[in-house]
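Report on the following structure.
Chain IDs A, B, C, D and E follow the sequence of writing; residue 1 opens each chain.
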């Protein structure tokens, strides 16, 4: 008789709840004729809330489950929460998008829930296998989601490109994992850590580490592994683009940080230089390329690349300050970017016809609140106080300066000064330019209104009173050190 | 330092914000109501700030009305406000200009009044906040906060032709400087924290921290960049003429009167006391740049055909004086420079208002379009004359006192610069009077100017308070100089003592451990430095 | 010599098996025609040799001498490779079918037979026998599809695609139905499975009746026997993917098909009817007897049932076979657990 | 262990050889008189119309996709079944969950009409 | 004797081959096949190491990789079909509504 492995369903309850909710929505909508989208959204939201409740106890745990495959700790808790927030907000911003376009796509929510569950596994992983499974669960769902718009060539193209490059990067990641396995004999993060501390590190392990790094760099869209980002972000449905830019990035960074700080910390000198170069390239290219875009989704795509660069600074700085900076940054970024993409979805209207910067001209005249919200998000992205984005950048930069990376931070602030140009250009379009035709007065719909209100107020609130959230982030990275 | 019994400074800072929030929920169609609300809040702010004078001890060199609350405890960030004789009048200047700009915009701004007033009020918050904050983080937040409303003021209500260009130029210039300053702030924070053990952004505590020389240089450079752009010092001034010219009248007024002062104030409050050695080392080239600014600004102003642009370039020139006085490090020089900040705020602000008034009537600002206005608008001519003379520095008016003190203070230490700068006064007289002559005197050549109405009661109301102060300072400057004396003295002695302290420290370090000097200088962890 | 010896021995064994299979296949064609003849109340082949016993040879010779045509526009290499793939994939799985308990050899060339592990009644006793079978037979689909595609003919292509779709659909049912047996036997090795059925009442046909039926249905669909021979149904698709094949290339397809039939029967014997297990008579006899019984059953079915409609076939595969197969597995598992827990 | 695969390799080679030999033999023995018409693809005696390699129904692709997914799921069941003796109730529950999820997928595909052939 | 190095070398070669295929081939289906090749090279590596180290972990990983590969290919195929039906081509260079 094989000994029954240790099973801790309570630990993975949030992901479990999401999966079950996904299955339920899927079946429910199969047997519904009409009104499937709102119903699916409501059930999804309920599932997300329940998952949030199920998540709360993780905060006080610090243990491993499933024979060391999964870590249940505050770090997991934080990212689970972040993912749930992202998923919930995305559900809210998607409802109107789908009903407006008369898309009867209740699968959208199903896949959203599944991918969130995948992300949760990824962030809680304590083993490369779990990371891989979570990664693929989320990726495959997102591949489909990206191409879910029927009769939309760009959407299909986005899905295709995402899939090809996503699978490619997964393969690289896996090969790296295989080489590490060959070196260390195991893929559990603690075992890897032990191996790297042993001092007898083979050439192969370094190559494996490098490939792992490349795989992660792909997922977080760091230059030069960012090629897929603009196309995919442009083609995918707008609310989903928001989710991708936030959720996928958060999950990827969560795993990235966990692997590199839990297992590879003893060879930090070997990867920190690589990250330094990546970060600089990412910040520079992301921001510069964003300047020349005329499609707002593309612009935000490059901006999200640039933000990956800033987050990488947090990784380079390392320590508790740097990593907790990453957490706070991602929290701020989640609300900000989801809000921004919510606005993009709303302004884009049917079939995403209006996704060009010029479509934002005079928006403030007809939709003052929408313009105000968008401005808040853009200011936060640009890192201007008193928004959350500022505190995020501040934490990360300060961590880097503390470690002596002055030049890195100087590059960071200079590029973010450049970023002001393109963020403010949108503000300019909204407030200062007059359109040829008066833009339509847009109907928010309750869900979108709720989402944007939450996003905007949170961006301001945690920007002005960041203390609690900084503490939260600081406590959440404790398990890593 | 104990908390003040009543959060007076917070009140002054945030009254406009309350107004802005109130405006947010008011109906956008009832423009008059909106204006009244804004005016009332601005006035209330002014009244409260006057009231603050009652608590203010003019003889004390210390920070007063201090409020100190923990904001982000883990990082030693506090919500710390306070004023001394240096910032007192800048705050007053700001609150004084508040109601004036609202009044001045009464008829000028007709589109999107609500947003305009909200921007104005938030701008007010940011400006006051910069002057009263005693925490570097808080200061930085306010510094950036005022960027956005100013950007909107220029970009939305500016002159249609080039306002977008001017707005983005303003933002980019400002933000590049301020972000680098942020880096320096952070570096200072960690350096101080690592050597003293307490991590804090508290300005007064950081004052006492002796920054090693090499680090001082870089940090001062970063601060210098941020402030010099704001001042604006030559050669960082290129955004200013564009911003001034394209901004609406009110925008120009605020920009000239208050925003530029934030740069000079930044030097006196932050850059110099924090990094005295670097500041002392930088004196010669800053003085050179200031003198260049004085003369260059004057020359360029001379050839301008646009009145507003002319006034804008005169600002470059005037602020050169302010910088020069400050870097003389004599009590007259510094006092004069602080006083000159106020003077410039009053007279240049008033000049922009004047320009705005004729612009409202004629929709042009080209000097050539005018001529002989004094006959058509006598009252206007009187005001214009007085402010022009004030700007030139005619004895008996405010400008004279400031410039005189500056030149006096500078002459003691740098006679050459003083002489060169003095030529700027002469040039100023030339271009201002020449302009005045072309606009106001002679025959009315342009028939369009014939029927121009004279100043309305509202416009007089706008100009009179400024006039009062212009004359007051000119005739009895002691009211203003007296509260400055103690803090300026403290400022100078602080700079001196800290300078020697740092030098001694460096010397000691060199003696004890020559090899490690490099490490100690920056006191940052070296193993990861890049 | 020492190291080459096992290879030679294996080669001998393999050749024996292959020759046997080829012979059986040849006579299988005759058998089928005969049986079909009787079923349809006619004689079947009876001219070449006594009772037409030489008919297969004549057929072979005829095919060998036929003019070879490579249709224009065909992709030559794939066109040629397809029948090869089919034949190879039909022959290779026999490697894991145990046809006897042991060869009964005491020694080979003076060496202990056990030393080479050659004394078994199976070419290769793989511990993943069943998986190996499914792996190879999946490859067989390539032969069919590629052959159809390479032919540059509409009928071929359609037939091939139909064949491919049908084969993969039923492969699911096939694997699923086998699972019950594996679960009870606790091994993937066919040798082990046969050894587990050491008495008649332990034959898995009695413990897995539903599984057996599913296997029978899925199996006949997998090898495309009537009533599932949609891929080559003459009245719709001429000869399906084989349309453009002639001469011995066609012969190879044909060979592959009958080898498949034989293999399926052998597999059925092994999985459900105790393989070579049987009283008194030598194991090889029992094995062959049972196998040929199933061959007969398949022929019988062919003679009895009409062809199904394609959509029905596919729908059945997915909507009935798959769920029922899953149900069967789970039920088996449940009952097995229950039985082990409380009955023993 | 590899030794047990040696026979597999041998039988593979032998079968392939036999197939190849037969083809070569028939090529050698048969006489050839190709004509254009003889080499034409069969289309009920008419000249072929258009290319044979055309688009065909997407259903076949769907079949292919479904097969890949379900077949891989089955892979998990093989080791499970082989080791069921040792897993027993635990294994049953695990597989039950697995199969239920699988069934949900099947139901979804079914309801969406991917299994219909009209 | 076939050693671990042989397997690793073969796997590395296959992986490179697949990677080159992904990068330079234009036909979508071929690219998908190349991806599979890469994943299978990884599988081979895992198996080889698993055997070498005598640890089962690598084999478990392989099972998961196979499943994921299948899912990826299924989705990839679906998307390829969708693209083909709309664009009439599976040439990746012609799927370029958006610049890379």
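General remarks:
As a convention for this text, a residue touches a chain if its C-beta (ideal position, glycine included) is under 8 Å from a C-beta of that chain, and two chains touch if they have at least 3 such contacts.
Since this is a predicted model, take the numbers as computed values, not measurements.
Across the two candidate interfaces, A-D and A-E, the one carrying more C-beta contacts is A-E. Of all chains, the one whose CA centroid is most distant from that of subunit A is C.
Taking the CA centroid of subunit D as reference, the farthest chain centroid is that of B. Relative to the whole-protein C-alpha centroid, the nearest chain centroid is that of A.
Averaged C-alpha coordinates put the centre of subunit C at 14 Å from the centre of subunit D. Centroids built from CA atoms put subunit D at 80 Å from subunit B.
Per-chain Cα centroids separate subunit C from subunit E by 31 Å.
One simple way to say how far apart two chains are is to compare their mean CA positions; for subunit A and subunit C this gives 52 Å. Looking at subunit E, one finds that residues 71, 78 touch two or more other chains. Chain pairs that touch one another: A-B, A-D, A-E, C-D, D-E. The part of subunit E that touches subunit A in the complex is made up of residues 8, 11, 15, 18-19, 22, 28, 31-32, 35, 38-39, 41-42, 45-46, 48-49, 52-53, 55, 57-58, 60-61, 64-65, 68, 71-72, 75-76, 78-80, 82-83, 86-87, 92, 95-100. For subunit D in complex with subunit E, the residues that touch the partner chain are 58, 61, 64-66, 68-69, 71-73, 75-76. If you check the complex, the residues on subunit A that touch subunit D are 1-2, 4, 23, 26-27, 30-31. Across the interface of their complex, subunit C is touched by residues 3-8, 10-12, 14-16, 18-20, 22-23, 25-27, 29-34, 36, 38-43, 48, 52-54, 56, 59-60, 63-64, 66-67, 70-71, 74, 77-78, 81-85, 88-89, 91-92, 95-96, 99, 102-103, 106, 110, 115-118 of subunit D. Those residues of subunit A whose C-beta lies close enough to touch subunit E in the complex are 129, 132-133, 136, 140, 143-144, 147, 151, 153-154, 156-161, 163-164, 167-168, 170-172, 174-175, 177-179, 181-182, 185-187, 227, 230-231, 234-235, 298.
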